[in-house]
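The following blocks contain the structures, represented as structure tokens.
In the two complexes below, subunit A is the common chain; its partner is subunit B in one and subunit C in the other.
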Partner chain A sequence: MNADQEMLDLFVQESSEHLQTLETDLIALESNPEDSALLNSIFRSVHSIKGASGFFGFDPIVKLAHVMESVMSLLRDGMLVADQAMVSLLISTSDKLNLMLAQADMAAEIPCEDEIAGLQAILNGTPLQGQKPPASVAAKPSAAAAPVAVTQDDNLPDAGLADFAFDPSSIVDGLKHGQNFYIVKAAIAAEIESQGQTLEHFLSETASLGTLVSTRVSLPENTGLSDCEGVDVALSFFYVTALEPFILCGALGLSEENIREIDSSKLGEWVKTNPPRTKGPAAPVIAAKSQPEPDTKSLVPAPSAVATQAPRSPAVSGPAPTTIDPKPMASARRKPEETIRINVGLLDSLMNLAGEMVLGRNRLLRIAGRSETASGDSEMQSVVQEISSVTSNLQDTIMRARLQPVGGLFGKFTRIVRDLSHKLEKEIQLEIFGDDVELDRTLLEGLSDPLTHLVRNSVDHGIESPANRIAKGKKSCGTVRLSAAHLAGRVQIEVLDDGGGMDPERLKSKAIEKGVITTDQASRMTDSDALQLIFAAGFSTAAAVSDISGRGVGMDVVKTNIEKLGGHVELDSRLGQGTRIIIRLPLTLAIVPALIVGCRGINYALPQINVDEIVHPGEEYPIKTMGGAQVLELRGELLPVVDLSELLGHPPRESAKHETFVVVLRLDHLTYGLIVNEIISNEEIVVKPLGRHLRTVGYYSGATILGQGEIAMILDPNSMAQGKISASQIALASSKTTEPVLADSTTRRVLIFQESDGEYLAIHLTRVMRVESVSAEDIERIGPMECLRKNHDSTLRLVQLSEILPIRPPAERKKDFFLIVPRPPFDSIGIIASRIVDSVDLSDDQIDQATLQTKGLLGSAVLSDRLSLVLDLDAIAEMLGNGVDQPSLFAQGHFLLTANAQQQSSNAPQNLKHLPPAREQASLTH
Partner chain B sequence: MTQSLAISHHAQSASQLLGFSSCGRQYACDLLWVKEVLRNPIVTPVSLAASYVRGVVHLRGQILTALDLEDRLGHPSNEPRPSSRCIVFKTANDLARLPQPPENHEMADSDRTGLLVDAIGDILPPDTRVLPAPPEALSGLDTRFIAGVISSGESLITVLQIGNLLSISEPKKNAA
Partner chain C sequence: MKKSHQITPSQPVNAASLGASAIELLESLQNASASTSVEIDLTATEAPDSGTIKFLLAAANDCRQRGFSPGVRATGKTAELLRLLYMDQHLALNTGEVSE
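Take a look at the complex of A and B:
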């Protein structure tokens, strides 16, 4: 039972794969109706589905697949040329097959009469003619119609066939489909088993490639039963297949001497003279399949179904139907040998084991480090190094095994775009690039919906109608391009169309109408900021979109979904030229960047995606108590604050004031502060599920294992907010939060820092992800580049601004300094700063763009009573070139900063001083 | 541990039992449930968890939930008890692979769970006579978790019902 179910699952899975190729091929067929490789591939797919369904006894599927196959065989043999209507019919047939396969047991209940009738009409209305054997045969009337004992026939087309007992009817089908006939001989031990194949496997392989008409096992002569042990048994069989000889050899792992091809025209001739003996007159058998053999037709009056058919035209009977393109066949056969199906659970446990090995390796490295100082054992060192690198490789490789090409996902869009463009009467061409780029399968699943949304938007709202396009001087056929690429350790997926683009002014007016922004804000908004409006929650509803020549149905949902996957969306649009949407995703979901915080000596992980900033409460950002609830005053806003230790039920501490930090967590509709005792580190963590006894504790979303084997619970910012933030706190916060995020686009906060003792530099905080404190010892040099190794697969490239900007170089770099890490996509660089000065508000109007005009700088401004240079991060990234991504669009949204705690110019922001050295190292080595 | 797990038709103890002790009391459980025993596990406490959940243990890349046996049986104690052994039980997946799964195997968790005890004792043969558990009023133990009692010389060994012990149900209010 179990084995049956497994077989059935395998059948459904394989058939769905066939259907997938089928659909892609059919759509391609529409533009290339005579491509023989395509036709062959379609034919094969249908044939495989039919064969497998027959094996499982799914008759309705077989029935439908059979008619489709018949039509395909006509198309393939050039009897018919597919027109659009026919392709549509074939596609809908393939849909029906898909439906039937999804519920194979209930296939009979799925109505497919229309398809069958339509296909049958094609079959009936076509000059169906004999494809085999060649016309010359027709000249010889088959006089010898008398039944002949097959195997004793002296007239066999090949002497080798005398060894086999078979019925001529068994090869009629093969002849009709122009397949090749072989006698294959192989010694079981010497030629099959020596290749590492079992006989069983060999036979099943053989059976899957064609039809075994007859088999025969022979012992060498003069071997009796008594001494047959140790003697090689020869297996020979009469075999029908579509494969060419050399491919067959390759597929079966035999040499060409093992295979003899039998001339199929001779065989055809022979069949004519030896009609199938079991079924009386040959004609009804064949005619029932509505594919009559020409010669039998002359002998026996054709049944009515055949009689309606038009007489054969000599022109179509010409080409030999044995033109199977060997290439696609070969590649189709190679596939199963290169890939195997693995249970995902097995891969996950492999992942776990590899992770465990990394931890063990780290411990080993520490011990080896110690023993070297003691004994100077360099042999030990080299072994440890070797194990270390093998372990890293192992982990990488297993991680890669979870990846799947995006091609499968992209493939479904050919269909969506085709259907949608037909419906909307637009001409649209879908271009797909990079379909071999690989992504974690969970990510692929999560990406499917947002991407469908984006592609539909492009087709629906992006591309204009042909008339409209021509009026604008564009080609009538619009292009939607879907591409995927690896960029800086991430995957970038792009949806690009050359449609109408979006009008910032109309977006603004729509946003004002919707109450998302005020008129005043709109007037100050730049065009690129205006485009971001479509991501704003509450901006886009279906009603709002249809009259905007852009897109917007649920773009906020797309954005949220992508961000849930740890990714990030950008949008660029030029009115009249088109729209480009870029999605950036991590390679895998299993690893999440997290902020590790400490509370009463126990470590907890907070998902970095929710962390906005870390604040050191004090004079500038006081924590106040209002009606029993705590709030944090942060730049004019009041945020509700939750104490983590209170939340976790620890008794209040007696000692009055302890070092605390407030982690500002941003959720969809709420931003709040979480009081913690320690900020430990930034780490990439692997999320592990919790057992059922802990799942009921709401505040944890999982657990993770940190660098040194200790466990940290992962806190869930959502559920922490739900229970503990009172309605009054929220009301308080929202009443004071007068300005929404988008409100003030011209005044932004900047971080002022110095690279050395020289100029003051300023960078917009919205572009800064975090500030790290590093020591010079952690820096590695790779050629001219300086890098900070963070994890085994991520490095930060250090940027010394004095090398690319006209500022004074430092006399000597300090031993400890800071790295300013920009937000993605530039998070692979770290800007060196010796001192963090301050963070202040800076209005765009304050920036003097005239005095200093250098690439890499937006201009200068007077900040904290000193002239500061305002950095242009996009330009800097461009100047750095390799390894850093192209300039991105301005992404307004969350920002995270670690260093804004102290107003006074302390050399190090207070919160960074607390990074314990040991822990930091852990995050570096893991 | 042992490889051959003889199956007897004896109703009460069909397979071998693993003996262990906690707080001076003797216990036993069906050996088929046991995956392995950890020595001196490092338990990370988890705030807000049920009182019988002592915390989590890092077990070769996986997170194991460690339960406190005494608390689970209704003997809560306020002072921390050092436990030197952790019996790791098989997950639902592991048990499904057994040809003859133990009683109540359907109650196993899909994630690893362990029981903290003081010491591991002997393995009792499959034909050990297991007496029915005394009523709750006598023993003061939550009978849901007890499969029976073995009389061994002077002392009694309590045979635990691991399936129930691992399931999520809260201890009865009157248990303590």
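Take a look at the complex of A and C:
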């Protein structure tokens, strides 16, 4: 790439960033039309775009930016006050600039006559359509009233500062860097111009040596045109500089009498009691007291609200949001000199190398862990541990370098909500929390479309019209809240609205009408199950299809896309109160949990997100041949089955007797079984892209290297199903696969296990995400807690049920045992099990709730001829600390591992590793 | 948006021309109707100095005494200087044409 092209790329990149800021600022301007900080920011953005475009000779961009800049200049100087029509025109102009920049060489072909004519009309004094000329033309009252705007704070550290209008934020940097603060006074003609320098030159020299915080010029009181000739203009300014007083005097050519130093320690104290505001420097200081700086730590989401109408107080519960300028977080948190631009490809390469290093580390740990090596050389053990620790840190650090704040994504919704609310004639306030929470860039890209669907749905279907809201006793302005937060090593994105909510009965009747469920199924369906119907393909309750939403192609795609990202969606809605949708995502896609299976001696990885359960076919779950195709009869359902060995073209086995497992894979519209020979382990794998020569082989989505060092291909459940499952098989399965839980909501599968040789325990499989086998040596202890580090920030807290329930504790823990990991939001704990016994159906009626009444247990039941205690997971979570997904309860960070968390080949009895349907939702509370 | 009453001095306003410009403006103010705002057009003043600032401060005082809202239209160096000096604390600033 030559230097010119590099400069051009930089220009496009920087201009795009300016435009992003511009749009956000313009939308905020609509609510705060006289906010000088916003006006200055917008002006600077347009000016920068114009200047850079001029440098490259993009005249059409310069022309449009120039006329926009002229209007912004009038707004900034108080000659105009922006109204909705003007902001709309400015946003439209910003859009055109965006289009022009996207194809700068062809910018002349982008039509922008309307925008130029509209902006020119403003400059000529012609009111825009819908604009009230008197309001817009009115000059700022302050401009003509008091001669000087001064601070009104009686507690100023120096009385002389009362002459100046400034914001505490303008001196914070100076305080941080230990600079000196001065009030400088001089007569312009007698003390500046008399030395042969112009006022303009004096001021520019002064500005180059420090910061002119505030400036003031004055004549003696009541001096008018008739008596002004004999007096001089007094110039004074509040100035911050690193220069000492005597050097400053020399530099400015003034005497010591002209300069007075302000005690910086007193200023510092004063700033502490007058927190800086986010607005511009010219507003009175006193306003600062009412707007504290928001906390922007990731665990406490930083609020930033953008009102699409006049700001009002939010109608939803929770922490009161502060309306602040929706500035990109980078400008607020990072100084330019602290960041550099890095090519994304370079970061990807670093991530790949780190992945390689992790794989090498895993092998090294395995070798070092062998008994002959471990006993031989303690020094080598020490080095291996050190390398292991550094490798983990390196991988974490590189992964974090790929993270980007979600604020960039959230920012675009200010525009979407604004435009839609105007179009739908609704009053909607968008609140944004936690815009500094960071996510892998791949995930951010994948999240954009689903989140857009959700926000548009909230605006279109959720929030009612102002009249409807008032009739319901609500405020006319609805609220859509978009938030992000870190929770137990995951990122949780939430879209909340205080609109009309969803009516489960209406959802059921629509589903019956569309043939999604039967009347009988509807009658047995809980409200929570009914809400999940919106995720069914083609489901929409919208009375009319609009260009915004209502076609019913949204929510199923949202769910599918989120699941493709390794996340999942939860939904809660209260009729008349609003809807909350929670998306939980991993921090990165580079490392994913996978089930390692074997086929003819070769290992393959299956993404765990698609794995529903593992079944050992036999008498209970037979594989049958129907119409020439194989199907698995699973609890009354028929699932199409694909044999991995046949799929990959292995020759048929000579012996008919060989052990097989069926991994039940769940896709969006299809559930099918994959026949494999072995279940090896659960592992978190580093995903590697396939080489060029393998990309045409459709069954693989990537490759990985396992802990033993061998390469394993990652199977793609979607492409394996395509073409290998006949239409008749799909038809056979379609009516069965989606409704096992809906069909009989009172009978559910439970997993029976033992913690010790004593009691049998049962947990509903709908609450279980996975079962892992772990080794005792992988367990870390932090205070009273036992933890298992998974990867990066993800840590499982181990729960020994005998410590919280009245059951017998084990005499001693086995070297290898199992962990039962519940589904979110309780997926940060792992319940210890010494033995997995069985999985059976359990009806709610079978549970004896009278004999054993203990918190943490739903009751007891006789399962497979054994008395078993049925766990109440919600109560257990509460006993563990009132909500186990609170990050504070969990250890975060890095551990010095004594051995890597390798999962051993499972010795579990057949037919025991069950992973639940993804559609089961944990209950939510507002 | 232009002010309702615009006054354009016949020459650049600076220390040298201050006296003449002041008289000229006073006459114009006497002739001004009961408009609520007056805008002094300084676009012809390309090299501002203390006289320019003095002229504007005094003019702002006279305008207010007569019940007018004072304003100034300026470009280039003059506009920049007026901004640096926070002259918008004294009168409405219109920098209609901005620097490229």
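Quick note on the criterion: the second predicted complex is superposed on the first by the 528 of 926 C-alpha atoms of A that agree within 3 Å, B and C clash if a C-alpha of one lies under 4 Å from a C-alpha of the other, contacts with A are read in each partner's own complex, and residues count from 1 in each chain.
Please note the rule applied: a contact is a pair of C-beta atoms (placed from the backbone, for glycine too) under 8 Å apart; a residue touches a chain by one contact, two chains touch by 3 or more.
Because the structure is predicted, anything quoted here is derived from the model rather than measured.
K.L.:
Going by the contact rule set out at the top, does A:74 touch subunit B (first), subunit C (second), both, or neither?
P.N.:
Touch partner of A:74: subunit C, not subunit B.
K.L.:
On the A-aligned overlay, A:713 touches which partner chain: subunit B = first, subunit C = second, or both, or neither?
P.N.:
After superposing on A, A:713 lies in contact with subunit B but is clear of subunit C.
K.L.:
Please tell me which partner, subunit B or subunit C, touches more residues of subunit A.
P.N.:
C
K.L.:
Given the touch rule stated above, what does A:212 touch, subunit B (first), subunit C (second), both, or neither?
P.N.:
After superposition on chain A, A:212 lies in contact with subunit C alone.
K.L.:
Counting only touches as set out at the top, which of subunit B and subunit C does A:648 meet: first, second, both, neither?
P.N.:
A:648 sits against subunit B, while subunit C stays out of touch.
K.L.:
Is A:391 touching the first partner subunit B, the second partner subunit C, both, or neither of them?
P.N.:
Neither partner.
K.L.:
Thinking of the overlay built on chain A, is A:94 touched by subunit B (first), by subunit C (second), by both, or by neither?
P.N.:
neither
K.L.:
Quick one: is A:688 in contact with subunit B, with subunit C, with both, or with neither? Answer first, second, both or neither.
P.N.:
First partner only.
K.L.:
Quick one: classify A:53 as touching subunit B (first), subunit C (second), both or neither.
P.N.:
A:53 sits against neither subunit B nor subunit C.
K.L.:
What is the shared patch of subunit A, the residues that subunit B and subunit C both contact?
P.N.:
Touching subunit B in the first complex and subunit C in the second, no residue of subunit A appears in both lists.
K.L.:
Which residues of subunit C touch subunit A in the complex?
P.N.:
1-2, 15, 18-19, 22-23, 25-26, 37, 47-50, 53-55, 57-65, 69-71, 77, 80-81, 84-98, 100
K.L.:
Could you list, by residue number, the parts of subunit B that touch subunit A in their complex?
P.N.:
The contact residues of subunit B facing subunit A are 42, 44-50, 52-53, 56-58, 60-65, 67, 93, 109-113, 168.
K.L.:
Help me check something: in the complex, which residues belonging to subunit A touch subunit B?
P.N.:
Per the touch definition, subunit A meets subunit B at residues 345, 352-353, 355-356, 359, 602, 648-650, 688-694, 696-697, 699-700, 703, 705, 709-711, 713.
K.L.:
Could you pull out which subunit A residues touch subunit C in their complex?
P.N.:
47, 50-51, 54, 66, 69-70, 73-74, 77-80, 122-123, 125, 133, 136-137, 139-140, 142-144, 146-149, 165, 188-189, 192-193, 198-200, 203, 207, 212, 214-219, 222-229, 231-233, 235, 282
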